[in-house]
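When the chains are written out, they are named A, B, C and D in that same order, and each has its own residue count from 1.
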Amino acid sequence: MIEKILIANRGEIAIRVIKTCNALGIKSVAVYSDEDVNSKHVKMASEAYHIGPPPPGQSYLNMEKIVETALSCGADAIHPGYGFLSENADFADLCEKKKLNFIGPSGKSMRLCGDKMLCKAAMIKAKVPTVPGSPGIVEEVEKALDIAHEIGYPVMLKSVFGGGGRGIRLVHDEKELRQAFELASGESKAAFGKSALFVEKFLPKIRHIEFQLARDKHGNTVHIFERECSIQRRHQKLIEMSPSPVVDQKIRDEIGQLAVNATIAVDYLNAGTAEFLRLDDGTFYFIEINARLQVEHPVTEFVSGLDLVKLQIDIANGKELPFKQKDLKVNGCAIECRINAEDTFLDFAPSTGKIYDVNIPSGPGVRVDTYLYPGCTVSPYYDSLMGKLITWGQNFEEARQRMQTALSDFYIEGVENAIPLYRTILDSKEFISGDLSTDFLDRFKILDRLQSDLKKEASQKSEVALAATLIHSEFLKNRVKSHKEHGIRWKTQLDRN
Amino acid sequence: MIEKILIANRGEIAIRVIKTCNALGIKSVAVYSDEDVNSKHVKMASEAYHIGPPPPGQSYLNMEKIVETALSCGADAIHPGYGFLSENADFADLCEKKKLNFIGPSGKSMRLCGDKMLCKAAMIKAKVPTVPGSPGIVEEVEKALDIAHEIGYPVMLKSVFGGGGRGIRLVHDEKELRQAFELASGESKAAFGKSALFVEKFLPKIRHIEFQLARDKHGNTVHIFERECSIQRRHQKLIEMSPSPVVDQKIRDEIGQLAVNATIAVDYLNAGTAEFLRLDDGTFYFIEINARLQVEHPVTEFVSGLDLVKLQIDIANGKELPFKQKDLKVNGCAIECRINAEDTFLDFAPSTGKIYDVNIPSGPGVRVDTYLYPGCTVSPYYDSLMGKLITWGQNFEEARQRMQTALSDFYIEGVENAIPLYRTILDSKEFISGDLSTDFLDRFKILDRLQSDLKKEASQKSEVALAATLIHSEFLKNRVKSHKEHGIRWKTQLDRN
Amino acid sequence: MKFKLENTDETLEGAFVKSLGNNEFIIKIKNSERNLKIIDMSYDKIEFMLDNSFHTTKYLETSTSKITVVVDGVKLTFNKRPDLDKIVYKNSGMESATDSQVSLKSQIPGRVVSINVSQGDNVKKGDVVCVLESMKMQVSIKSHKDGLIKSLKVKQGASVAKNDVLAEIE
Amino acid sequence: MKFKLENTDETLEGAFVKSLGNNEFIIKIKNSERNLKIIDMSYDKIEFMLDNSFHTTKYLETSTSKITVVVDGVKLTFNKRPDLDKIVYKNSGMESATDSQVSLKSQIPGRVVSINVSQGDNVKKGDVVCVLESMKMQVSIKSHKDGLIKSLKVKQGASVAKNDVLAEIE
C-alpha cells in the first residue's frame, strides 16, 4: 500500500494532491525548482526536495532527478499531476522500472493515447466515431498546404503532443498556415524535442464535451459523467461545468458508453478523460484521451461526491472501484472558472509578478484550489493557471449565482486576470440559456460587453473613488512615498476627539 | 418579494445570511454596536447602520432601534440569526405590526415553543413523548428542593428561557441546587428580565439528537434529517454531525415523523429544530423546539444540498416548499466543530482579545463560517463562537479525515480555542466507533488524553523549536524588541554570498 | 478636486467640508453632502463608511499627476492635473500603439525565442518581428505599423520585461 | 543552548556549526548535524527548511529569560536561564493557584455581577467569592483555599482583566 507519494509537479495541483494525502495519512513529498522555494506546495508537503533551476527542462521535466529523489527519500509512488511529465510515457516506464508506483496509466497505454494517429486508428476499430480529417502525420509544410487545399480552409493545425489546447492553431489561408506550422513545430520541439503535426477540418460552432473515466487493474471501467468545457480562448478551456446543458441521461448513457469503450480500446488504467466535440446537430466525435487527472476534475468531484485523487491512489494500490456505473448519479451542478494570470485585453497574454494581496472567496458550495497567498510570485517559467474557483448548486442557476458572488469576492493584486471577464460571461443571457460553443467569446462579442461592464462598474464606483482620493490628499499625500519605501505600516493620527 | 433584508445579528451568522443574500441578489443591511465597527459583517453588507453601545441590551437586543433602522433604510424583511432577538416573540410581533417580514415563526408560535411548560403540554397532546420531570415552573428554591428530593438527585435545573444549553445546570445535592438556583435566576433575570426555572430528572449517558424542520405558509412540513449533537461541554454543543451513527432510515422516518408532528402541534413556520434526548435503550424524548436557524445548520446543508437561509427566505416570501419528504435523501456525512474562544483547561472559560493572525483551512468538502480575519477582535460582550469548521465526506470516515486535516490547518493567534481538543476527540476510538453521549468528555477522560497529546506534539516539535530558537539568538535577538515596538516588518540581512 | 469619466460627459467634483470629530467628516460630492467615517487607515489602504456603506480602498500608485486606486476590487486611475482630469479604465484595451510611435514595445514579459527580421528590413503592420516565450506559450510580436526596422533592441535568448523596447520602426 | 522537556527526561541541546552561504547553515541538534535553510525572516516570523521539511515559526514573546514560539501551529515556551531550562506546555492546566498564595486572581476577563463575601469573612476552598460575566456566561469565582477574606479588590459592576487580583485571602 502506498505510504509516501512524491508529487512531480508544482502549483495548485501539487497542493490538491497534498490535501488528499493529508486526509489519508499518506506522507507527501514536494519537489521544487529554484524559482519555487517560496511556493505553497513546498510549505505544505511533509518533505520537500530541490530538483534544479527554474526552466522546466532542468527541474520539473528532469525525470532522472525526480526518480532519484523519490528513491532516496523513500517514496513508494509518484503522482504526476497534469502537464509536465504527466503524459510522458518514458517517465511512466522509468517509474515502473524503478519499482515506483506511477499513479496513472502504463507507459504503453499512454503512448497509444499520446499518438493521436494510432489512437484514432484504435478508436475506429472500437467503433468510436472520430473527427473527419487528415489520414496521418504531416511532416512538411508543403504537405500540410496540399491537405488544407484539399479539405478546404479553415483548417486546424494540431500537434500530436501537447494537449490542453496547446499546439492547436486555426488557420484561414496559406500564409497563416505557413506561419503557424513554423511556430507549432518550434513549440513542440522546445517542449518535446520533436514535432509531429496533423491537419483536421475545422468544425464551426462546436462544443467541447468530455467524459471523466476511471478504470482499475481488474478491468472495471466507469465514466463519471460529462463536463462541458466549451468556453475557451485560444483553444484553452476557461470555464467548465458538469452536467452539460445539452446532455440528458439518455445521451450521457450513450456517449458515456462510447467513452468507456475508448478507455478499454487503449487498455487505460486509472483516472482519465475522453474528449469529444459535439456539433450543433448533436453528433459527438471523439478527439482524444487525456491520460491524466484534468485541471477541471473538481466539477466532477462536486457532482459525484468522489475524491478523484483518492480514487487514483486506490486504483494504483490495486483496489477495485468501489462502485458500479449504475451507482453513480449526477448530484446538482458544478461550474469552474480558471483563474489564469493573463491580460484579457492583450489577447490573454501572460501577466507575471508578485502578488501583493489576494482575497480568496469562501462560502457554501464554494471551493478554491490555488497556490496564491499574499507575497507569493507568479512565475513566467510555468503556466498561467494560478487557481480554480469552483461552485456547486442544487441546479445550474444556484451554482451560477454562487459563482457570481464568489467572483466578486475574489481579489488578486499584482497580475492581470480574467475575473471581470467571467463576471460578464456568467451574466450573459447566452451563458444562462446554455448556448455554448468554443467560439463563444467571439460569437457574442463578449470582450466588447466586458468593456462596457467595466465602464459601468467604474462609473458606479467613481463617487467612492473620489472620496478615497479626497482622503488621500487630506491625510496621506506626503506620507505615502517615504513609508512605502521603508515598508512601514503605520496607523494614522486622526483626530480622536 | 423580499428585496432587502436587515440582519439583526452579528458575527458569523450575519455573514452567513449576507452570503445567501448576495447570491440571490437581495440587498443586505448590517447593524452594529460601537464594539463592532470593525467587524466583518459590517464590511460585507450592502449597507450598515450603527445601533448603539456594546452591551447587547443597548444594541442587538434593542428592538425599537432595530425596527426603526429597518424602516428608515427601506428593508422589507428581518433575519434574526440565532441568539439575541431570534426567539423573542415580542420582536416577531413588533416586526409584523410594522409590516416587516420577520424571517421565522410567528410570535404566537414562538411563545408556545419558548414556554417549555406550555410546549410540553402541547407535545403530550400531540402524542410526542417528553422527558419525565417536574409538572411545571418552580418559583421558590424550597419547592425545587422538594421536587429534587422526590425524584432523587442528580437533577437538572433548567430555565424556561435560554436555550443553546444556557440556563441548564446539573446539581447533585441540596447545596449545589441552592447555589445553582440563585445563579440561574440571576442570569435569566439579567437576560430576559424574569426567571422561570423547572426541575427534570437527570438522565445518564444520553445522546442529544435533533431534527431539522421546515414548514411553509401552506402547511407543508418536512424534516431534513437528524443531527447528532452529543459532544458537549457544560451542556453546550461542541461537535455536531449528520447523520447520527445510531439513526438508520427506519428510526429517521419514525422520529422524523414525531418531529413533524411536534412542528404542527405548535403551528410552527419556517426553519426550526426539534431537539430530542436519546437514551441508551433507543428511547427518544422530545425536549424542545428551537424556533430559529441553528448554529449547526451547515451539517444539514451539506447532507441535503439545501441552502437553509434561501429556504427560509423562500418560506417568508410565501413560497411552497419545493420538495416533498420523500425527495429528501441523506447524501454522505457532515461534521461540524464549533470554534469557540475559550480555554479548554480553564473549564472552557472565555478568552477574548485581538486576533493577530489566523489561517482558515480550505479544500474539497471543507467549509468555514467565521468572522475572523487578521486584526479583528473577539469581544467579551458577545458569545464565544468565532466560527464553525464543517467538513463533508461520502461517509463518516471521509468527513472525519477531512476534519482532522482541516483542524491541523486552522491556526488562530490571539485567543485560546478548542482546536487541539477536537483533534484529540476526532482521533479517539470512541468517537470513531460512534460511542457518543453528552458526558463524552468526562466519560472518556478526554482532557487527560488531550494533555498527553499536547505533550507528544510538543515533544515531536521540540527539535524544530530548538532550531527556531537558535535562529532567533543568532539573527534576531537584539532586534525584536525595538522593531516590534515600532511595528516594522523588516527583511533580515542574511549573507547573500 | 474635479475630474471627468472618460468617454462620458459625467464630471465629478468633491471637497472636504468639515470634521465632525471621531474620524467622521462631511464631504461634498457632486454638490451633495455625504457622511464619511474613516474606520482604519494605513499607508496604502483605507477602510471607510461613505454614508452607510463600507468601502475598502487601496492606493496602488500615487504621484503628483495621478493616483490609481482599487475601490472594492475595482481599479480606477485619476489624472490629477486639471487639464487632464479623467478616469482611465483598467483593461480598457484602448492604449494600443499608434502609427506615430517609433518603438515597438513588448506587452508581456518573456524570453526571446526568435527574431524574424533584420535591421533595415521593410515590414508591414502585422508582420511578425520576433517571438517571445512566456508561461509555456510562444507569442508572436507583430509590427504595429508599416515601416523600416531602424534598430533591434533585443537578442535571441534574452529576457525582456513588460514595456521593454524590442525594435524601433520608422 | 540546552533545555529540558518538562515531565520527561529528554534533554535537548543545539548549536550553530557553520554557514554554507546562501542562507544555508549546518546546525547541531542532539549531537547530530542538520541542514538548516532560512527561506524568509521578519521580526516575528521565520520560515525555514530543517533538512527537507518546511517549518513556520512565530515568536510570540521573547525576553532574556524565555522565548515562546509557535512551531507549525504548536506553541512551546523555553526558559532560557540555564537553571530553568525547560518547556512549559501551553494549556497544561498545571499552573493553578496553591495554598501559599494570598491573591485570588481572575483567570478570565469579565464584569463583576455580584460579590458574595465581605471583608473579614471566613471562606472554605471552593466557596463562591464573586460572580463574573463574560460572553453571556456567568462564571463563579471560587476561593482557592480555606482562609479569611483580608481585602476585596473589586466592586460590583467593575470590569476585570485576566489575572487581576479579586481578593486577598489569608
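As a convention for this text, a contact is a pair of C-beta atoms (placed from the backbone, for glycine too) under 8 Å apart; a residue touches a chain by one contact, two chains touch by 3 or more.
Just so you know, these numbers come straight off a predicted model, no measurement behind them.
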Third chains touching both chain D and chain A: B
Which of B-C and A-C has more C-beta contact pairs: A-C
Whole-Å gap separating chain A and chain C, where each centre is the average of the chain's CA atoms: 29
Interchain centroid distance [CA atoms averaged], chain A/chain B, Å: 39
Computed distance of Cα centres, chain C from chain B, in Å: 48
Length of the line joining the C-alpha centres of chain C and chain D, rounded to whole Å: 51
Sites on chain C at which at least two other chains make contact: none
Numbers and ranges of chain B residues touching at least 2 other chains: 408, 488-490
Complex contact set, residues of chain D against chain B: 1, 3, 5, 7-8, 10, 12, 14-16, 19, 21-23, 27, 29-30, 34, 36, 38, 41-44, 46, 48, 50, 55, 57-60, 62, 67, 69-74, 76, 78, 87, 89-93, 107-111, 113-114, 128, 131, 133-140
Of all residues in chain A, those that touch chain C in their complex: 56, 166, 179, 183, 186-187, 190-191, 341-346, 349-353, 357, 380-384, 408, 411, 413, 416, 420, 447, 450-451, 454-455, 457-459, 461-477, 479-481, 483-484, 488-492, 494-497
In the complex, chain D residues that touch chain A: 39-40, 47, 49, 52-54, 56
Contact footprint of chain C on chain B as seen in their complex: 37-38, 42-49, 73
Chain A residues within the chain B interface of the complex: 19-20, 22-25, 298, 301, 305-307, 331-332, 360, 362-365, 367-368, 394, 398, 401-402, 404-405, 408, 486-490
